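Quick heads-up: structures coming right below.
The following pair of complexes shares a single chain, chain A, combined with chain B in the former and chain C in the latter.
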Partner chain A sequence: MDKVIRKHDFLKLLFADLKEKYHIIGPTRKGGGTSTYAYPTFDDIDRAIDLEMGYTTTMGSLKKLYFPDNEALYQYQRVGTEVELVNLRQAWDKEKVILGLHPCDISALAVLDKVFGLDQYYTDKRNKSLIIGLTCDSACSRGFCSSVNSGPDAQSGFDLLLTDIGDGYFCRSGSERGERLLSLEYFKAAAPEDIQARAKKLQKTEDELKGRFSLDEVTSALAEKYNDSLWDEFADKCYTCGACNMVCPTCTCFTINEKAKGDHSQGKRVVVWDSCHFERFAQMAGNFNLREEKKSRFKHRIYDKFHFSLVRQGKVSCVGCGRCADFCPSHIDIREAMSRL
Partner chain B sequence: MENIYLPEMAVVQEIKEETPQIRTLTIKMAKKQARSVLPGQFMELTIFGSGEFPVSVAAVLNPEATLIQTTIQQVGKATRETARLTPGSKIGIRGPFGNGYPLEAMQGRNICLVTGGVGLAAARQLINYIVANRNRFGEVILLHGARTPGDLIYKDFLFNAEDAHRNNISISVTVDQPDQNWNQTIGPVTELFKKVRVEADNTVAIVCGPGKMMNNVCAGLAQMGLPDDQILLALESRMHCGMGVCGHCAVGYKKVCVDGPIFAYGEVKNNLEKLI
Partner chain C sequence: MATRKEHITFCHICGNHCALTAVVENGKLVEVKAGAGYPANMCSIQKGADHLIGTVNSPDRLTKPLRRVGEKGSGKWEEISWDEALDTIAEKLIDVKEKFGPEYVIMVLGEPKGMEFPFAQRFATAFGTPNTITPGNYCGVQSTEALRYTFGSRYIRARMEGNPGLVTIWGSNIAHTGGTFSQIGRNDLNRLIVGGDTKLVVIDPKNIELWPEKGMHAADADYWLRPRPSSDGILAMGFIKVIIDEKLYDPDYIEKWTVGFEELRQEVATFTLEEVEKLTWVPKKDIQEVARLMATVKPALIGNGNSLEGNIEAFQMARALAVLRGLIGSVNTPYGGLVDQIPPNYYPPGAFMMSDLKEKLKEYPRTPERTIGGSDFSIAAKFGYVPTQALVDALLTEKPYLPKVGLTFVNNPLLTYADSIATEEAFKKFELLVVSELFHTATTRIADIVLPAAVLSEYDGIAYWPAWFGNLRANVKVVDPPGEAWPDHKMVNELAKRVGLGQYFWEDEIMAMDYMLEPLGMTWEYFRDNVRYLHGESLYDPEKVIGYNTRSGKVQLYCEELAKSKVDPLPRFKDLVKPLMGPCEITESYPFIMTNYKSEVFMLSGYRGVKELRIKSPTPTVYMNPDAAKEQGFKDGDWIYIETFKGRIRQKLALQPGMHPKVVNVEFGWGDYGYEDANNNLLTEYSRPWDTATGCLTLRGLACKVYLAPDEGE
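And now, the complex of A and B:
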C-alpha cells in the first residue's frame, strides 16, 4: 500500500503516536562539544527535533542494537563446592521502532537474521522491532548499493519505507503492521505525481552512485583469482586494524571472553566483537594458524562477503554501504578491488 | 527464553591420568541429552574461571548419554586448568555439536583409522561404535602414532592384544622418539603404512591428529590409491560458540563446527582457503 504524509504531520502526529507505544531509535548527530568529531549515528530519540532524517551515512551501523559489542552472557559464582549460574542476557521490555534506516542497512538485517537466527534473544529483539526505512536523498560518497542489489530502493525487510518527496514523505508498506500504520488518518492517498516524485528521487540517487560494477562478473572473477597478485598489493596497504569489521553492518564475528576474579570464585562470560583481520583470530594448536599471512586474512573478509556467502547462502553478504572504505585509515576501497578484478 | 550460551552443570565423576599432560574425564550430566551423541561429535566444556573449549566426545557410557568421557590435553589457559579438577568438581557443558561420522556410508567397508597424539580421542567413540556393531564393518585397522611412549594415551586399549583379537581389530603403534623399553615401530605414523595393505576401493580412512600429520597421512593414503572422498578428517579449528555463529572456525565457505568437524579430504582439498 502506498500513501503520503506531510512532514509536519510526520514529526508531530506520527512521532507522538509512535512514542506512546515504542522506544524510538533513529539517526541523530552525536559528538561535538568536547569531541571535535560530530557524526550522525543511530541512537535513542526523545524529541522529533533530534532526528536527522537527511543524513547520508552513519559511522556505526544498527548491528550494535541486535548484536551488542559487549554483551554479558552469564555469571557464575562458586558457593562451597557448588557453582551457581545467573543468566545475564537482557530482553527488551518495550518494542522499538527504528526510524530512517537506509535500504543498505535494511538488507544488512537480513544478513544478520541468517547468522543469529538460532539465538532467541536475537530473534526476540527482531520481532520487537518496527522498521520504518528511508530511501536515500542523495548517494553517499563511497556506497555502491546498486551494484549489490541492496539499494537505492528496497523491496523487503521493512514495515514502512519512506521517500522524501519535498514537503512530505512517500510511504510504502512492506508488512501488515506497516499497512495498519498507514490506515491512521494523517496518511493520505498517494497521487500519481507522488509516485512520479518518488521514482525521480530514486533515479537521481542511482545516477549519483559512483564506481558501479557488475556483481556477476566480480563473483565469477573472485572464484578464479584467489591467488592473484592483486591481493598482495591490497594486503600490503592494510594495517589489520579491524576498523572495517567494526563499522560493517554485516560483520558478525565475535569472541567469548572470560572475565574472572583473580581467585576464580566469580566471573562472567562476555561476547565482544572480533575481527578476522587480527592475527590470532584463526590461531590453532601447535603454532598452526589457518590464516597466518596478512594477505590471506585480507582476502578472507573480501571472499566472505562476495564469494563464500554466495556459495553458502546464494547471496553476497556485502550490502554496499561503503562504511569500510569511509573508515579505513589506509583508504582501501572495496570498489577499487572489484573494478580491478 | 533460552540462552544458548548458558552451559548445563555437570560433575566430574572420575579422572584418569593418561600422560602427565593428558587426562580422561568421566563427566556426569544432570539431564538426559535431547539428542543422541554421535561418534565424531564434540561438546563445549567450561572450566569456570578459566574458559570454555571444544572437546571430542571420546565415549558415551550409558544409553541416556548422561555419562560421557573426554580426553583433554593441557595446552592453554582453560585446558591447563583441567589439571586441578578432582572427582566432584563442577564444570559446564554444552552440546553435542557438529556432524559426526557418516556411519551409513561407512557400513560394509573396511575401516583404516590413522591417528596421532590426542587425536585418538576424536576417533575413540567411533571405535566403540565399530566394536559394538562389528559385523557391519569389514577389516578394521588402527594405526596410531605419538611423540614418545610417555605420550601415548589409552594404553590399556592400545596394548590389549586379547581384546583386539576378540574384536578383530588390528592395532599398530609407533613413536617418534623411543625409550629403552620400546620394541615396536619407530617413526611417524606414515611408517606404519609400510606394514599394512589397504584395499583402496573398499576402505574408508579415518584421520585425526595435528595438522601437519594429517597432511602427510592424506598424501600417503592418496599414494595407496584411496580416493579423496574415502578419506575422512576430523578437524580441530579454534572456535568459540560451536554453533556456526562466531566465525572463528570458518575456512572458505566451510564452518568446522557445523559442516564438520568431520570432512572428506576432497572437501578440504578443494576449498579455496586451506583447511589443513
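And now, the complex of A and C:
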C-alpha cells in the first residue's frame, strides 16, 4: 500500500503515536562533540527535534542494537564450593521502532538474520522491531548499493519505507504491521504525482552513485583471482586497524572474553566484536596461524563478503553502504578493488 | 594535462603525528589519507584530512603582511611588503635593545609545530632576551620533567609490543586528541581490547570514546574512575598507599633499584583512604581494586595525558604518578610496561637553540634578575621557558619592568592564556605586537603587524615534537603557501639578518635543517627522500633491569635534586589537596565543579573558521550528567551559562550518562569565528597562586554554577 504523510504530521502526530507504544531509535547527533556528533548515529530519540532524517550516513551501523559489542552473556561466582551462574542477557521490555534506516542497512539486517537467526535473544529483538526505512535523498560519497542490489530502493525487510518528496514523505508498506500503520488518519492516499516524485528522487540518487560495478563479473573474477598481485597492492596500504569491520553492518565476527575479578571468585563471559584483520584472529592452538600474512587477512574479508557468502548462502553479504571506505584511514575503497578485478 | 602526485608527510593536528599521504592534483590538495608504511594511529585521520585540506585551501588565509591603520583592535589594516614589515620590526627591536635592553623583547610561542620553536629560541639567545614565553607551564613539562627527575629520562614510552596486562589511560582522550605522553596509540590498544588478556582502566571525568568505530567508551572499560577534577595527585597517592599498606610491591626491587621508599612509606601514613575517597570522589573499594591490579598484573603501564596538568600542584601531581610507576616497577624492568629509549641522534631543540651560542649566553644570561617572573619558576627556568601568566603579570603590573615588543608565533594567547580579559588588557600594552598567523584570530585583532604564515605541508620542515616521543619526521612541502605566506622559521631567519645576527643564522632554512641533522650524517634532502621517519631505540632487556639515568642510578621516589630547586623531594598529600581549595571549593553559590576538554575536531583554539572542521563541530558543547541537568531543569541541547567567581560563558548542553553529577565539562578553545561568549578562559584566573616549580595555574576544577541561557546567536 502506498500513502503520503505531511512532514509536520510525521514529526508531530505519528511521532507522538509511535512514542506511546514504542521505544524510538533513529539517526541523531544529540550527545555532543564526539565522533558521534561529527557523524550521526542511531540512538534513542525522545524528541522529534533530535531526529536527523536528512542524514547521509552514520559511523556505526544498527548492528549494535541486535548484536551488541561487549555484551555480557552470563556471570559466574564461587559460592562456597559451588559455582553459581547468572544469565546476564536481557530481552527488550518494550518494542522498538527503528526510524530512518536506509535501504543498505535494511538489507544488512537480512544478513544478520542468517547469522543469528537461531539465537532466541536476537530473534526476540528482531520480532520486537518495527522498521520504518527511509530511502536516501542523495548518494553517499563512497556507497555502491545499486551495484550489490541493496538500494537506492528497497523491496523487503521493512514495515514502512519512506521517501522524502518535499513537504511530505511517500510511504510504502512492506508488512501487515506497516499496512495497519498506514490506516491512521494522517496518512493520505498517494496521488500519481507523488508516485512520480518518488521515482524521480530514487532515480536522482541512483544517478549520483559513482563507481558502479557488475556484481556477476566481480563474483566470477574473485573465483579466479585468488592469487592476483592486486591483493599485495591493497594490503600494502592496509593498517589492519579493523575500522572497516567495526563500522560494517554485516561483519559479525566476535570473540568471547572472560572478565574476571583479580581472585577469579567472580567473572563474566563477554561477547566482543573481533576483526579478521587482526593477526591473532585466525591463531589456532599449537601456535598455528591460518592467516599470518596481512595480505591473506585483507583478501579474506573481501572473499567473505563477495565469494564465501555467495557460495554458502546464495547472496553476497556486502550491502554497499560504503562505510568501510569512509572510515578506512587509507581510504581503501572496495569499488576500486572491484573495478580493477 | 592533469597532474596527480602523492606525497608522504605527517599530520600535526594532534600529538600523534600520524603519517599521511597527501594527494595533490594540479597543484591543489584534494585528498589526505594514512601514509602507507609509516606509523599512523588511526586517530581521526579523517580529522587530519579535513584540517589539512580545509586549511591549505581556505579562502580566509592571511596572504600578505598587514599593518594596523586604525586604533588597536579596530580591525583596520593596510597591506605592506615583507621588506617593510621586517624592517619596521627590526628597527623597533634594535631601538628597544639599545634604550632598554634585549629582555624587553618577548618571544611569545605556542606548542611547537615545525621549526619555528627552535628558531625563535635561538633568536632569543642570540638577541639576548631570556623571555621566551611558552605554554610549557600547562602542557607537557610537568609530566615529562617528573619522569626525568624520577627515572632519569623523559623518553619513556609504553611497551605495547610486550602485550601489557594492564593499561591505565589517565586524563587522555587517545582516540581523538593524540596519545598519552607514553604513546599509547589507538591501534595497539584496540588489539589488546579484543585480545581479552588486558585489563583496561580509564581515569577521566568524561566518558571518552575509546574506539569510536566500535562505539566503545570509558564506561566499557574494566574500570572507569571519575575523579574530581584536579584531585588526580591525591588519587595516585591513594593507589600508592594501598600498595604499600598491603605490601604489594617487590621488596627486592625496592631495595635494589629505588631511593626514598621509607620517606614515601611515612608520607602515606599521614592520610587515610577514607580521606582519599572523600576528596577524589572515587570509592575506596575501586581505589583498592585498581591499586591491586597495578601492583600485581604484569606488564602494567600507566599513560597520562596533559589534562592532569591544569592545577597549582601539577608538578607534584605528575611526580605522584611517576612515583606510582616506580613503586610497581613498571619502568625499565623485564616485566614493566614502560621503557626508556634513545632518541635519534640529531641536534635537538635545546642544543639547536643554544649549544653553539655559549658566548651569547654569557653576554646575556637567562638569569632570574633579567627574566620576567624572576626566580619564581625553578623548573621552568631550567627548561628555558617563562610561564604565560608571568608575561600577563609583567605587562599589567609593569614589574619587574614593562615589556615593549611581543613577537608571537603559532599561538593565540587571547583565547588560550588563563583569564582572557586580563590577557587582552596586558597585550594591548605592547608598543609593538607582531603576530604571525594562518588566519585572523582574537590575538591578531589587537596586533600592530600581522605576518601571514605558511602551514606545515606548504614548506619543507623537520618535525620533532613532542621531543619526548623520540622520533623525527620529514614534513614535506606538498603545495605552495597562499599569496606571500612564509614559514614561521623563515620569518625568524630573515629578521635575525636584519637585526645584525646573521652570523648566527643561515642563508636559507634548508641549511639550518642540514645543520640540525648533521649528527645523523645526513642532509635534509637525503632525510626527506630516503628516510622520512626515525624513531627512538628501545632499551628494553628481557633479562634484567636496565637501570636509570638519575644521579643515584635508581628510581627516585624521593628526589634530592628537587630540594635544590626549592621543590619538595616527595609529593605530599597536604600539598596535593591545595588544588581543591579556594575558588575550587564547592559552596552553596557554586555547587558544581568545572573542568574542560579539548575539542575532538579542532586543535586547541585553532582552525575554528575552517569549514571542513566546523561542519563537524558547529557549536561549543558542555557536558553534564543527565540527572544533574534534569534537576536544574535543563534539556539536552539547551544553551546554558557556566559561571565561576571569575566570569561566565555560554555553551550548548549535551547530556552524558555516567558522568559524575557534580562535574560540568566545558569545551576549551572557542572564541574565534563566533561564540566569543563561549571562551573557556573567561572562567579562569591568571594571578597567584601558581605552581612555583613549573608555573602551572588553575585551569580546571573551579567551582561553578550553571543556569539557562538564551539561545540567540546559535
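Assume the second predicted complex is superposed on the first by the 333 of 341 C-alpha atoms of A that agree within 3 Å, B and C clash if a C-alpha of one lies under 4 Å from a C-alpha of the other, contacts with A are read in each partner's own complex, and residues count from 1 in each chain.
Methods note: a residue touches a chain if its C-beta (ideal position, glycine included) is under 8 Å from a C-beta of that chain, and two chains touch if they have at least 3 such contacts.
The shown structure was predicted, so the numbers you read here are calculated from the model rather than taken from an experiment.
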Exercise. Figure out whether A:Thr81 sits in contact with chain B (first) or chain C (second), or with both, or with neither.
Key: first
Practice problem: Scan A:Glu258 for contacts with chain B and chain C and give back first, second, both or neither. | Solution: both
Practice problem: Examine A:Phe327 and indicate which partner it touches, taking first as chain B and second as chain C; both and neither are also allowed. | Solution: second
Quiz item: Can A:Asp69 be said to touch chain B (first), chain C (second), both, or neither?
Solution: second
Quiz item: In the superposed arrangement, does A:Asp17 touch chain B (first), chain C (second), both or neither?
Solution: neither
Quiz item: Who does A:Lys237 touch here: chain B (first), chain C (second), both, or neither?
Solution: second
Quiz item: Once the shared chain is lined up, is A:Val272 touching chain B (first), chain C (second), both, or neither of them?
Solution: second
Exercise. Classify the contacts of A:Val247 with the two partner chains as first (chain B alone), second (chain C alone), both, or neither.
Key: second
Practice problem: Using the superposition described at the top, determine whether chain B or chain C touches more residues of chain A. | Solution: B
Quiz item: Where on chain A do the contacts from chain B and from chain C line up?
Solution: 255, 258, 274
Quiz item: Which positions of chain B touch chain A when the two form their complex?
Solution: 1-7, 9, 46, 48-52, 75, 77-78, 88, 90, 92, 210-212, 236-238, 240-241, 243-248, 250-253, 272-275
Quiz prompt | In the complex with chain A, residue positions of chain C that touch it | solution = 18, 21, 31, 33-34, 36-37, 40, 42, 44-46, 175-176, 186-187, 190-191, 193-196, 209, 211-216, 220, 222, 289, 292-293, 296, 599-601, 616-617, 621, 623, 636-637, 654-656, 667
Quiz item: Residues of chain A touching chain B in their complex?
Solution: 73-74, 76, 78, 81-83, 85, 87, 89, 91, 115-116, 118-121, 124, 223, 226, 252-256, 258, 260-261, 264-265, 267, 269, 271, 274, 276, 281-286, 288, 290-291, 296, 299-300, 303-304, 307-309, 311-312
Self-check item: Residues of chain A touching chain C in the complex
Solution: 30-38, 41, 49-50, 59-60, 64, 69-70, 236-237, 239, 241-243, 246-247, 255, 257-259, 262, 272-275, 278-280, 327-331
